[in-house]
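The chains carry the letters A, B, C and D, assigned in the order they are written, with residues numbered from 1 in each.
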């Protein structure tokens, strides 16, 4: 599947030499190929670039002058997700997890997996293990939480979301990750361009480390059910939202609502969302 | 300076095939050379090893049989810390930070830097910047917190410690890291063998990313004032204690108190602690 | 029903003139008559007494000398609970609540009803109103929480209990009260001597303000299902456990485990617990 | 001193039979006499009234019809505060506190005195006791917190305020109360009409139970320094803000900003604020 993705961001910079770090470019990874890409800024400035080895996140930094700053990103991305049978996808016991995945068992700022262990055990501890257990967690979120724009803020954590019984995509992802980690399933946060997300915006979903017939991999889940794995173009991967901001300005800045775009180049606009998850092997 | 370091750990494993991950081996890094090293287990088992590229942490995993498990680690480590003049060590503005250090500005599970920003700004925002500001933070902790064994547990975070006005080395490190990040200084958690720590134990200190005449580096600080930088043998480095456990068992396990050792091979036992910090360049 | 109740408390007082406030005497109230009562202290000291008008709690204060202090309370109490048909007991809308009951709609230290409102609405908002809805809350607690001695401490609040999915009688009461208040049902905390509680101890239950055919009253519920309303001798009533300690020492004090007794004088020891609630009108 | 006080409130009621409880009338108490009082509603409805014995709070309830509801309160109040010498006002040890004041030592929803005990002890435990220690607490708040409109919300507690280092009058009062209770000084929350408060609004201050030459009494303090005790007309008294709302609607309601008035009838508009506190004996 081929997608044209992009975004327009605009800022009002209040002082000269204000640093910005952006993480809006599509990752280049197995199953996700990027072509015909452009990133343009309204101010002509030197750029620092960094692609984080452990995550594949692509960071761009500039120090903006006072005044208006606009950013336009455009890319064509081909997704080639591996198809799989969920019934054959297992959880991986701690004794066989790749040691680099251990990091994604630990609690993080917005994912207090340690505090939610008893809750997770009571709700999901007895369920059959594997891909279906992560699906059960996502279903539980869908059934027990309301998706309510504006109901949370940047300090809202998984624990808060569980008590408030509502949130946005970021909060759904955090709580699903918390439950997974609490059950011993490595899980991480993913920001993405999401096909047919309505209204269009940056989206947040999660990945769990599971093992299919072809080996271990990060499997995508969207606990909000607002996107399908074969329509998700990954941007940033991290322990939680603290690590995956699309824009981090260091200084006082005004901003407008981002305009986010994704268009399918080879599938009909009204095609039914597929609900099967999709996997792409990690490097 | 040369040190002989080591530890003895013992566990009562309750079931066969119980995974353990250990992170007790000294890092191999510029300024810290490891020689004559041995790691022995009372059970003869296959080991998985992993050295994390971004941190240098060395992980060992085994799946233990039911019964007694003891672990003995021994090594000779040579520290060759760079000397520096604190007055020449500056903070690095966000526009010039290495992008890989950004991760250590983010809040993490036990370091709610986002929540402590106003507190940090009120106490330290007006102070002269640089190595001396991190020292001022450490002094503030020393003056305002009690070091009280048993006063915290594994869920205690920087925010809790600030309110409780007491803690152990782990808590002092978390709060110092939180204040640094809240002020825009990347900071991370370090577990270590600490010369002349009394009573002997695994120690926790912190590092801040600063810039001396020879460039940016992680500078060590011990907010408890219980060790000196030239007597610290680094073991684990992470966002906070969640990522740097010396032992992570996956299953029910009994355990005794770890015996931790460090002996200076080339300095007198009663030599005064030096309080100057010490730096070692990151790769 | 007649009960002989009592307790033995013992303390090691570390300094002269250490104040103690006790709240261990049975309330005197409609439906609960106290006879043949005695309260003895091992030290011969002047006592201050206070019976709080709004709650009926009976406080005794003394300033103890250094050394051993023991307390023995004994009383015979007759309970004459009103029988009622739960199906006829309704919730009272805010427009008709007695204004003095409003206090028991507010959140308190260990009952963050304001934070749990969305949770309560999602779980119980749609249920038929009345006595049966409070029963449904108690049943939910029974089904979703473990009763685990030692799983909480004096700082544990309703929010914590909900996340930890376990607690003791104090925690069950707090969470049931929180859900009631969040739904607009006044609710309060009750400490009691509880017939056939096993092991014997001070017990904590809760009351909700509801309206039967004979008018509004506080109806007792025990969300732990460890006692029956017709076997509960009320001691202290308050917003939450913060207000109903059986002993508040002001100074350093050692103490043993309290010995708490309750014996039925007119019913067989093995009589089945009745599960119907029991009401007693407030003054 | 005589004041004319009052307020105008307006609401848009979304459904018939929506209950409202108001607590806007000046208390009638020693040192505060109310004359020429009127309370008018734009809807002609039956009123329920209740004056809470333990606090003196005056509650009025009505069930409003759909549509506009306005409320106008007007009164003339004479304050006759007792003058005193702060140096002669002492703290009262627990052994001599009136037992009815004990309630105001307990933690409450927005005043987690139990959690702030170590903080209070470190900052204020060593200070000379008495009126001057409560003044020292208020001074500390003034020096360490910013008064920032909009910086908190209705869920903000004393702990939050301490971490955020800013708040409004409600938050200053909560934190001062928390520190007092943590030190063993009974303290409570007071809502008031405050002379020369700028901009005019309902104000929140606090009272501590202390003992002057004429006995124990509640002494007023304003940690924001925005009012003086001889210009404060008490409305509501409670454990914390949870208990002292000027309006509690039960149902969906729109509302405008309240217009609050206070005018001195016998002192010049530009008279200097007196900073001495003022006491009025409790009944």
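To be clear about the criterion, a contact is a pair of C-beta atoms (placed from the backbone, for glycine too) under 8 Å apart; a residue touches a chain by one contact, two chains touch by 3 or more.
Here the structure is a predicted model, which means the values were calculated and not measured.
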- [ ] Chains touching chain B and chain D alike, please list them.
- [x] none
Task: Chain centre separation (chain A, chain B; CA means) in Å - done: 30
Open item on the list: With centres defined as the mean C-alpha position, give me the chain B-chain C separation in Å.
Closed with: 47
Open item on the list: Where in chain C do residues touch at least two different other chains?
Closed with: 115
TODO: Just spell out which pairs of chains touch, all of them.
DONE: A-B, A-C, B-D, C-D
Task: For the chain C and chain A complex, residues of the former touching the latter - done: 115-116, 118-119, 121-122, 144, 146, 159, 162-166
TODO: Quick one: which bits of chain D touch chain C in the complex? Just the residue numbers, please.
DONE: 17, 19, 21, 48-50, 52-54, 59, 61, 63, 93-95, 98-100, 102-103, 106-109, 111-112, 114-115, 154-155, 184, 239, 242-243, 248, 250
